[in-house]
Amino acid sequence: MLAFLTKRIGAGLSVLLVVPSLTFLLMFGNAANAARQILGESATPEQVAAKSAELGVNRPLYVQFVDYVGQLFVGDLGRSWFTAEPIGSLLASRATVTLTVVIGSILVSTLLAFALGIAAALRRGALDIALQVLAIVGFAVPGFWLALLLVSNLALQLRLFPATGFVAFTASPGQWLASITLPIVALMVGAVAGVAQQVRGSVIDVLEQDYVRTLRARGLPSWRVVAHVLRNASAPALTVVALTFIGTLSGAVFVERIFALPGLGLAATNAAVNGDVPVIMGVVLVMTTIVVLVNLVVDLAIGLLNPKVRLS
Amino acid sequence: MSQLVPIPAPTAVPARRGVISKVVHDPLGVISLVALLLIVLATVLAAVLAPQDPARSSLDDIFAPISAAHPLGGDSAGRDLLSRLLYGAQVSLLGATIALLASLVIGLPAGLIAGYYGRTFDSVSSWASNLLQALPAIIVLLALRTVFGPSIWTSMVIFGVILAPGAYRLVRATVSGVRNELYIDAALVSGLSDTRIIARHMLRVVRGPLIMHSAMVLAICINIQAGLEFLGFGDPQTASWGSMLNEGFLNIFQAPQMLFWPGLALFLTSAALALVASSLRDALQAGAAKPVRRRSVKAPPAGNGAVPSDALLSVRDLRVAYSGGSVEVVHGVSLDVAHGEVVGLVGESGSGKTQVALSVLDLLPTGGQVTSGAIALAGEPLLGRSASFLRTVRGHRIGYIPQEPLSNLDPSFRIGNQLSEVVRVHLGLSRAAARDRVLDLLARVGIPDPARTYRAFPHEISGGMAQRVLIAGAVSCDPELLIADEPTTALDVTVQADILDLLRDLQQEKGLGVLFVTHDFGVVADICDRVLVMRQGEIVEDGPAEAIFDTPQHDYTRSLLGSMLDGRPARLARVKATGDGRA
Amino acid sequence: MPESLLEVRDLIVEYPSKGFRAQPFRALHGVSINVKAGETVGLVGESGSGKTTLGRAILGLAPVTGGSIRFEDREIGHASRRERRGLARELQVVFQDPYTSLNPSMTVGDILTEPLWITGVKRQAAKAQVRELLDKVQLPKDAVDRYAREFSGGQRQRVAIARALALRPKLVVCDEPVSALDLSTQATVLDLLIELQESLGVAYLFVSHDLGVVRYISHRVAVMYRGELVEDGDGDVVTSRPEHPYTQRLLLAAPIPDPIRQEANRANRHRLLAQQAEQDEQAGL
């Protein structure tokens, strides 16, 4: 188990080192005339030079990189080129919003997907056909279109939910729930379909294994057999949950724009429009960390469920 | 290996034509293919079909209602929605195709090389593919947009690169699976070069799954491109589905209906692609799990055959069929197993011997059902009984020993756990008592270090040991009857002899009745009191073991015994006898 | 007697183990064997004995770490792919599993043409040769246009035999060619192999776990155990009066299809096991 964990942590660290570094080198390597872009065509060369010096983009790339990494260790992610806001505190509050809707959607969709997938695999019939339809619809329907339809119908027409904004849980739990319900639903549909399909597939695979017949031949109660089946089927399903999590982070970018939720995605979208490189860099760093952590948790769960994985 | 599910007779349809004809015969496949074709046609013919120039705006037509001139109405700038929808499709399909090509250009060769050669290239490319998948795609696109500029086409190429791991993994997994097939070894022995092997053998196998994958990728690309344009990262002047949705979003209060058409177009295109992919998948893995209802159709109530009560197990006129009863594989088999008797059920593959054994346990594979007959254990009927009744019989009064030792143990649970579970359920023992009983059992079946095996996972023990564990499981609740389905076929011959000794000892010690399914007459001679010979779902001969070997009555039995090699003179002895040289 | 066609000396095969600085797994510990033209040498052993590895090493499918493999006085232990292509005319293979040894997406015609095509046989000539081959292995002519999966196990194995014999090789490595087949099919495939050997003069290295099968087809028999060759000699002697304790155990472990003789056989086996255990104990003390 220790060797398995070390290996997974090593893999996670390598991602954490390489992805943000590459992003940094690409983005800041291209930022030489950022000052001109910020100040516009009317600025004098002196103003541009002064701005470049202020932003630090006139220094050699490696100096900027070493400086950035050094600042990271004291928890400083730099400042926005446009608002001069410190990025660390800016992203901290935004990460809360994004994680609330993303984790909420992953939790609800995983529970629902396991229930649906298991039931479809065990019972087959109409439920199974319904799941096949859901799988196609969930895959094909663009998540942001679904979000738009939800806003336009449930929020604007029927006024069941707020159309925009995020209310902190501490401010009002009821409004908090109302403000995240539609975003979570919009993010969920695709995730439920994908994961349920995988759960169904792996449960059916396991059901056809020899040892399941042998367990039945021993006269075990159904729920015990299902427990055996689930433990063996959950590893491939959890792998898909991890991938879905990354997909849901992508989806959050759209959902945050549509519902005007002040999350990481909205920050990234606005920063990309303006060319606010340090903010995007910060988002990349935070998202990579989140993804690596989630993958680690999933790997750990798979290792606990499946002795073969952790021993090989 | 025993054939559990009977394979239908081979048809004369060649493989390739098979896949296409299966897709064409699947109604959903046809509908989705036609829908796709129509979408592509409409896109290509946009100039002909569109009522007007997609960029022409008119103040009169701002938010125009649906009319003959504007079948879908007008947008916020007074442009015709239908025209924009048709021209927008060009951007969507082109962008998606660019991304798909980019992903294939990288993923296919990398997957082929990594899957075929493995080693360093494999490790490096798998690592790179993990990196590419570590970030949400849209964030990468936003970040790289500041580097490579705002062109939507560049973004789609980048998106293709991000999706390349999908194609890479698929190709790599397929190729490395095929790499170990014996026909690749045969090609290597023939001296075929690597390029030829990849071109002739690997590409053939990869083709189908890759086409399926490509359809899914196209759908994803169409959606993500629309998403980028929705976020405002496209050219606002060009009509596209994404920019139309963006306009709809900006005018959501005045004209929410503008959101409907482009979204529907996206959805229908993706759904058609997904359906084509799913139909193709069904065709590729013909016979794989389809959404059919698992029905354990119970036999009609006993009465078709009288059940004598003196036998331990009696089977009367048993019929087993597959595919809803249309393919019958066991045609009216009757047999008895007396207390303490070992009855061999012998036959070649496809004779239905395993089907009979599994019918007794009500454990026929999916799709199989007993269509008529009667089965009784010590006079008590088993067919048509409730699941809860059968659970008290299985494992408790009937033990089951399967063929493949390792695949019949749950890989995720410790061996002790799997065995004590059974005795706790049936005998109601406490955890500690169950553990003691299982340790005793493990010692009894000849496992040298029971405590260690108790803690072990199945992959930590050998096949011979695993078979002893399964035997321990089968006799753990002191059953009256054992069903042994080719219990020694997967074992080495020296291990087989030991296992047969163990089974014989246990049988005599506990006075077990045994239904012993095998194809091996040597094993029959070793352990069986009575023999039933099966052929094509029928019992052709039934008698005491010695009589079957001495004076077989049926032609089939005679021909089977006649094809035995034991007893025939050795090759060298034949050569010496005829004085025949070595060719 | 002709000189040896195949001469294997002190062959060592090691597979790299997974993991950093792990000891490689040694599958063969210095095995020597030779095969003369036109004869069958049976190679018998249980799983893990290295019998299949030996066959694969000769075919260039397993890594040779030591010793030599000489075929017609040429060293082939480390032959390149190009040299292998030349060798393919003389050295061929029939594998165990007729279900995976033929590409499921190729017709029987494609499969049989492949080896001919590599050696540059023209299309028309190849067609005629394929027809002749099918005839030789007693398959119907219309098999050319059908897929391998449409045939039964025994028929597929005939296709595999035809592929092996397409280039008129001098030696065919047969790796458990009848183990996956039904009893009644086994004998007919073995008889076909014998018949082809007598008419073509091909030699077989016949790998099997089944003493009965090996006895039936082999002139000479070699017994392998845990990566070593423990006994070899004339086929009838090794398979009826073996000298090595392992071969003795192997012989008595195979059940005889006759209840009365098997009972005696079983008693003999128990006696032998007790005797060997006693000897081991004495040697240990």
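To keep things simple, chains are lettered A, B and C as they appear, and every chain counts its residues starting from 1.
Just so it is clear, a contact is a pair of C-beta atoms (placed from the backbone, for glycine too) under 8 Å apart; a residue touches a chain by one contact, two chains touch by 3 or more.
Not measured: the values here are computed from a predicted model.
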Per-chain C-alpha centres versus the global one: which chain is nearest?
-> B
Compare the CA centroid of chain C with every other chain's and tell me the farthest one.
-> A
How many angstrom between the C-alpha centroids of chain C and chain A?
-> 55
Could you put a whole-Å number on the gap between the CA centroids of chain B and chain C?
-> 32
Chain A residues touching 2+ other chains are none
Can you check the complex and tell me which residues of chain C touch chain B?
-> 36, 38-40, 46-47, 56, 59-61, 81-82, 84-88, 91-93, 95-97, 100-107, 114-115, 118, 145-147, 149-151, 160, 163, 182-184, 186-188, 190, 194, 197-201, 209-213, 215-220, 234-236, 239-240, 249-250, 252-262, 266, 269
Within their complex, state which residues of chain B touch chain C.
-> 10-12, 14-16, 181-183, 185-194, 200-201, 204-205, 348-349, 463, 492-497, 500-501, 519-526, 545-546, 549, 559-561, 563-573, 575-576, 582-583
Using the touch definition up top, name the residues of chain A that touch chain B in the complex.
-> 11, 14-15, 18-19, 23, 26-27, 29-30, 122-125, 128-129, 132, 136-137, 139-145, 148-149, 151-152, 156-157, 201, 204, 208-211, 213-222, 224, 228, 231-232, 243, 246-247, 249-250, 253-254, 257-258, 265, 268-269, 271-273, 275, 277, 280-281, 283-284, 287-288, 291-292, 295, 305-308, 311
What residues of chain B sit close enough to touch chain A in their complex?
-> 127, 130-131, 133-139, 142-147, 216, 219, 223, 226-227, 230-233, 245, 248-249, 252-253, 256, 259, 263, 266-268, 270-271, 273-275, 278, 289, 291-294, 358, 361, 363, 365-366, 387, 390-396, 398, 400, 402, 404, 407-413, 418, 421-422, 425-426, 457, 459, 470, 473, 483
